[in-house]
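Sharing a structure, written as structure tokens. Questions coming.
Letters are used for the chains, namely A, B, C, D and E, taken in the order the chains are written, and counting of residues starts over at 1 for each.
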Amino acid sequence: MIQILNTVLIGITAGSIYSLMAIAMVLVWRSTRVVNFAQAGMALLSTYFGYEVIQISGSYWIALPVAMIGGAVVASIIELVIMRLLLKHSSQGAIASITPIIATLGLLGLIKSVIGYFWGNQDRTIVSPLSNVGFTFGTNTLAISPMKLFIIIAILVLVLSLTFIFQRTNLGLALRASAYSPEISRLAGIKVDLVRTIGWALAGAAGGVAGMLQTANGTGTLSPDSLEFSLLLAFGFIAAVIGGLDSLIGAVLGALVLGLVLAFVLTYVGGSLVFITAFVLLLIILLIRPGGIISQKAGRRA
Amino acid sequence: MHKLKSNNLLRLIGFVVFGFFLFYLSNAIDELRVYQGATVAMYVVAISSIILLTGYSGQVSLGHGALLAVGGYGAALLRNNLHAPVWLSFAGAVLVAALFGSLLGVTAARLSGPYLAGTTLALAVGLPSIANQFKFLGGEQGLIFDIGLPPASLGETFSQYKWFFWIAALTALIAMWWLQNLLRSRYGRTWRAVRTQSVAAELAGINTARSKVLAFTVSAGLAGLAGALLSMTISTVSPSAFPLSLSFALATGAVLSGVTTLGGVMIGAVTLVAIPEIADAFTQRIGASENVTANLPGLMVSGLLIVVVLFVPNGPVEQFRNRRKK
Amino acid sequence: MSLIIENLTVEHGAIRALNNVSFTVKKGQLAALIGANGAGKTTLLRTLSGLNKPTHGKAHWCETNLLHGKPEMLVRHGVSHVSEGKSVIPELTVEENLEIGALWRSNKKEMQESKKTILELFPRLGERLAQRADTLSGGERQMLALGRSLMSKPELLLLDEPSLGLAPLVIEQIFQSIKELTKSMGITILLVEQNAMGALKIADVGIVLNLGTVAISGEAQSLIADPAVRAAYLGY
Amino acid sequence: AQAAEQGVTGSTIKLGITIPMTGIASPGYNKIPGAMKAYFNYVNANGGVNGRKITLVVKDDQYIPTLAVAKANELILKDKVFALIGTLGTASTKAISRSAQLSARGIPALFVNTGFSGFADKKAYPTSFSLLPSYQMEAKVIGKYLDDNYAGKKIGLIYQDDDFGVDALNGFKQAGINFAVKIPYASGSQGVAGVAGTWITKLQAAAPDVVILFGVSSATAAALGNAYAYKYSPKWILGSVGGDATTIAAAKKELPYFMAGAKGLSFAPAPTDSSDEYIKMFMDVNATYNKGVTFDNNVVAGMTSAFLAVQAIKSAGVNLTRKGLIAAIEKNSASFANPGLTPLGYSATSHVGATGYWIGTYDATGALKPDGGKYTVYTTDSGTGAVVLSTYKRPAMPAKGLPN
Amino acid sequence: MSTNNAALRVEGVNISFGGLRALNDVYLEIGKNEVVGLIGPNGAGKTTLFNALCGLVKPDSGTFFLDGHEHDFPRTDQLVDLGIARTLQGVGLFGDLTVLENVMIGAQKFAKSGLISACFGKNTKDEKALIERSMHYLENVYATGLAHRRADTLSYPDTKRVAIARALVSEPKILMLDEPAGGLGPQDIEWMNALIRNLTAQMSVLIVEHHMDVVMTVCSKLYVLNFGEVIASGNAEKVRRDPAVIAAYLGTGDA
């Protein structure tokens, strides 16, 4: 019984970690129609900022907002310098489906090299600010700790506020409009360039949070090639696709589904099936719903 | 209308001439370059497979490495267990990968851009880990794929790498010739039509789903062939030979080649092989600190990639053509 | 106080789409811009709204230099362009498509008022508010595009073939409303139309473009009466 | 005189290494080449080996066999190295050995960094030498320890589900160990959020008395971290690959403390054991020639390989050839000075180096200390041979750790 | 009212989108070699009816007769085989194909060569036949000179020509045109009228069009849709004077 309960809890916390990256990817997708593979690199870089702040101030709680801001700044710079040019040069035809992906992959490599240059390829450590020891319930220890609880709450707050921004505010409408059709949005008076930069900045901030929380929750290590970050990217993207790339709630839902299914498969079926399970799950969900769990109805065709 | 026939013939002649050139080249260059030549040939096939899929049929794959793996394992299993001759194990690799691709293609045909990207990415992450689930796949250390020594008739001094190169180059030439013909035929035309205007294509009587599945199948077959070539050049197949970064590298190569035309595929393939070496050499030349040596090659590769995507998004060949037109 | 265009030349690569075009539209007037397919009408509108960059020439709307602004800034100076071919955002709902036209004002109340006015003009849109725009029929999309443009309360309205794909009755209504817009709200309109007769009938002035140059311009009524214009552009 | 062998001149010897310097497998291992260079430089500064100075060309293979082969070919054909040294990973080593035709070309591959038992097969890999004891040996030694100390207790195992773990499973089978719970994990999956958590819930459900952690260090860290979070504390036995306290310590500050009391294995003296003459010398070399790099297992591993290479080259004589080097290792290795506490197994029939382990306990700082202050070394083979207490006496370190 | 030898006939077609009734019990018949016009206000359901006939929308109910025989509503990619061709309201050319290639796509059903023979370059004869056929239809719309231009560089009227050539090349018995005259100037409209009238020798034509000049010139029969229902049908002149049609669609003016 406790094993089932703990498996559920593990699934939920793992899902909440994936959802952080998924949210960041959805943000960029929704505001600029780019699948941003550099997201993991951006998150990593912001986490290094956080790390530096911890070295100086000793406080994780100061580092967290700094990492957020750092992430936002980095993302804005990337949008300003690279994505704008990219949009100008290759926004149509077959290449438009792949060049942004390749560009962001290039960026990922670039960011990693930059981190490697400044911080070296050794491990750094961020110690979790809250206890990682599970709550005790009678004689049993639950698979949820103050830190994990904090992560789940942080994600809830993040998703709700971002969803509110997207669905209920003018900025949200402007973000969506510019993503779908920059030219018409311009004609309608939306400052598309600015709005896209804001979209990236939001994603960068979310990525910064993701990096800080993931590092503190996971092994605590930070290196340019952190395994966790590469995997976070892949699993975050898979989660976002499962959820339907256009929905923040979907991203969280997709991440939770992925987390729970993985936890149960790992516990009750086979310990080494992680990667293939992720693929099969994605395949099954997309076969049933080609646009992910929360997908809009397709428009008319003619 | 006579032109058409001569076009096909000219193309064949072109390939034969280029083949002779490569033959000559293989005698003129040193062993390392010959080895790299075999790798280039492998990349040519692999990148073309992406160009077909993305540039023509409009489907994105970030998991082509997985299809290469299917081909590589297919070839090795055939060779090791059934003692198939080399050419047969290559053909087997094509068939196995094409079959796998057609199954995957059925799903792929329903998915739009990023969803397909996600699915193929998940495949590339997931598939190699299967090797450890089944004994006959040889686990992490993988299987041996040994094409044997060059025939004695070629002489004592004929090196193994030259043999690799001959096989890879010939295979690539034949595959490219087929592919060129195919892309210029109604199939290529149909793929492009479905990509740009699927409703209009359907109204013209094209079963768009079938057309996409066919593209995926052919592309996977080519990828399988590339996988067999790759396994030949490293004489083994193992899960770690097909990491996610291989899939990304292939997509990158396709962009460097100019996704929508086959014309630049050599450029993409050569770049993939040359850049790490150039970056390495450059780094060693300037002899900098540890942090620099470890990271400069990566920085150069990524930087080049971004520059190409930003300034020559259609690939160098297309760029050159456009320039000339003006 | 008017729209003044002087020696405007625009090139698309090697093609010279507009060649030294000059004309003036007084404030509050409705000008009909007509001409054969490919004459350069769309290019002219796109240049005036900042979407295309000119080779040389001048264009001013009151104090605003039209050639130095981005579209999103020109909207703030009262210039609004409804581009050719149902310019709506398919993935957004009808209501959202309307709202983006007034986002830059960031004034909720004004937005609601404008919306009300527009829904009165196009009641069909009112029935479709929550639908995605790509479920609309061709004509409905045209209405939506026009509606969105009016949401920004423009002073200079650049309309590219608003009658395209609309039913005769609706065209009549739209032309009527366009005319009223100029009169009641004092909006200046540059109207591009294939339906030359319909356009000239409601217009104050007419400009005929031919291969990128102004062939004839003048009072709309006199153009209708001009036999050369009749033969070449009005179809009878 | 005969033409000099490739990579050797009157005053230099060029060696080459391909190893993951970047990429997910790089952390930790990317310190190996630096450590090797440090020791070589130390030797060079003191006159070199037989008057020759050793240079090491480093190539990054990112742990991808395709790249490893390409880089090995560059090393051999372009940089014209004399021998390869220290390749990491079974798949890469195997691919290099085959595709770069090491045996046909007679190129020595010294001290590859893998415990895969296949490299013991001299027929298949006539020019390759492995340094680490095989995973199978390690499992057998653990089995012996369990038999001696935990007979009849419930045993649990977490292992990587590839050759690394499978080799070990074979060893445990030979040792007759039955597991109450076996938890495989896919290589790399330990980094996926939630995965390590499920290991612990499974262990808690099966409640073994002793748990063997046979994984890489990130997996070990993940397992210990989650056990800590779930207040789960069995008796741990950490495999040598994963029981690297510095990597784990970098992972979590609480953890070394948590490793306290766990059992661990090694064939070299503990990196913290500065009373050992080799370790002491390595520490000094590291301080001068590898500035700023924390001294740990990986540094010891790199320097040990370099040290052995120097010994081998020295023993191959002034007229250095590849054949001669291989023959020297096969013939003279018993007399090679090296820090390893087990006998070197190189012979005309086997190319496996270290052949056993000592078992110790991690202390509160994460250092592995021999029980009772004395290294008790077990030795065995990769086959069916028994595990026996070693009587091996390590050759004394030559003066200053230099080859003369 | 139904004649058995009608080229195409549908009865009782109902389509709704969510709560919206887009087509309500619609009836339509196209005689052989007849030009039929489908008109009605914006959003009346004309394109939707076209889509139903073309398999782009699945009707909730209705029956479909081809040449007097009942038939399932066809799948889109079956249309050309059934002898039906259609142009799209938004033209829908393949932008990065040449004009000739565009038309050759339409002629696909006459292609015989398979994948393997294409690989070996053995498809020359087949391709040649397609090219000849396509050039013939380009000639019919006076567009031979455009054959090697990329379709996305064409002027608007030219795209319409090519779109029609692409539909004609499949040699349909029924041609469906969605707003063929939309966006055209007077000269081009005249040309279009002439073309459509000439087609009746070989096929039946169904047109959706808001240009009353065109409708009145080429159509022998009209159906008027309003809010998804047929409110009038029959002889063009009669329909034109129908007060319901005037009120719902035509208006009084002559704009």
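Keep in mind that, in the parts below, contacts are C-beta pairs under 8 Å (C-beta built on N, C-alpha and C of every residue); 3 or more make two chains touch, one makes a residue touch a chain.
Model, not experiment: these values are computed from the prediction.
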Length of the shortest touching-chain route, chain B through to chain D: 1
Chain located farthest away, centre of chain A as origin (C-alpha): E
Chain B and chain E: spacing of chain centres that average the CA atoms, whole Å: 43
Chain centre separation (chain A, chain E; CA means) in Å: 48
Between chain B and chain C, centroid-to-centroid distance (C-alpha), Å: 50
In chain A, residues with contacts to at least two other chains: 93, 112, 116, 121, 224, 230, 272-275, 300-302
Per-residue overlap in chain B, given as positions that touch at least 2 other chains: 129, 132-133, 199, 260, 290, 294-295, 298
Interface hub residues of chain C, defined as touching at least two other chains: 135
Contact footprint of chain A on chain D as seen in their complex: 21-24, 26-27, 30, 161, 183-186, 188-195, 197-199, 201-202, 204-205, 218, 221-222, 225, 228-232, 247, 250-253, 294
In the complex, chain D residues that touch chain B: 21-23, 30, 34, 58-60, 62-67, 69-70, 73-74, 77-78, 89-92, 94-95, 98-99, 101, 104, 116, 118, 161-164, 166, 186-189
Of chain E, residues touching chain C in the complex: 17, 39-44, 46-48, 89-90, 155-157, 179, 182-190, 210, 212-213, 248-251, 253, 255
For the chain E and chain B complex, residues of the former touching the latter: 54, 56, 76-81, 85-86, 88, 92-97, 101-102, 104-106, 108-109, 111, 113, 115, 118-121, 123-124, 126-128, 130-132, 166, 170
In the complex, chain B residues that touch chain A: 54-56, 58, 60, 62, 107, 110-115, 117-119, 121-123, 125-130, 132-133, 195, 199, 244, 248, 251-252, 254-255, 259-260, 290-292, 294-296, 298-299, 301-303, 305-306, 309-311, 313-314
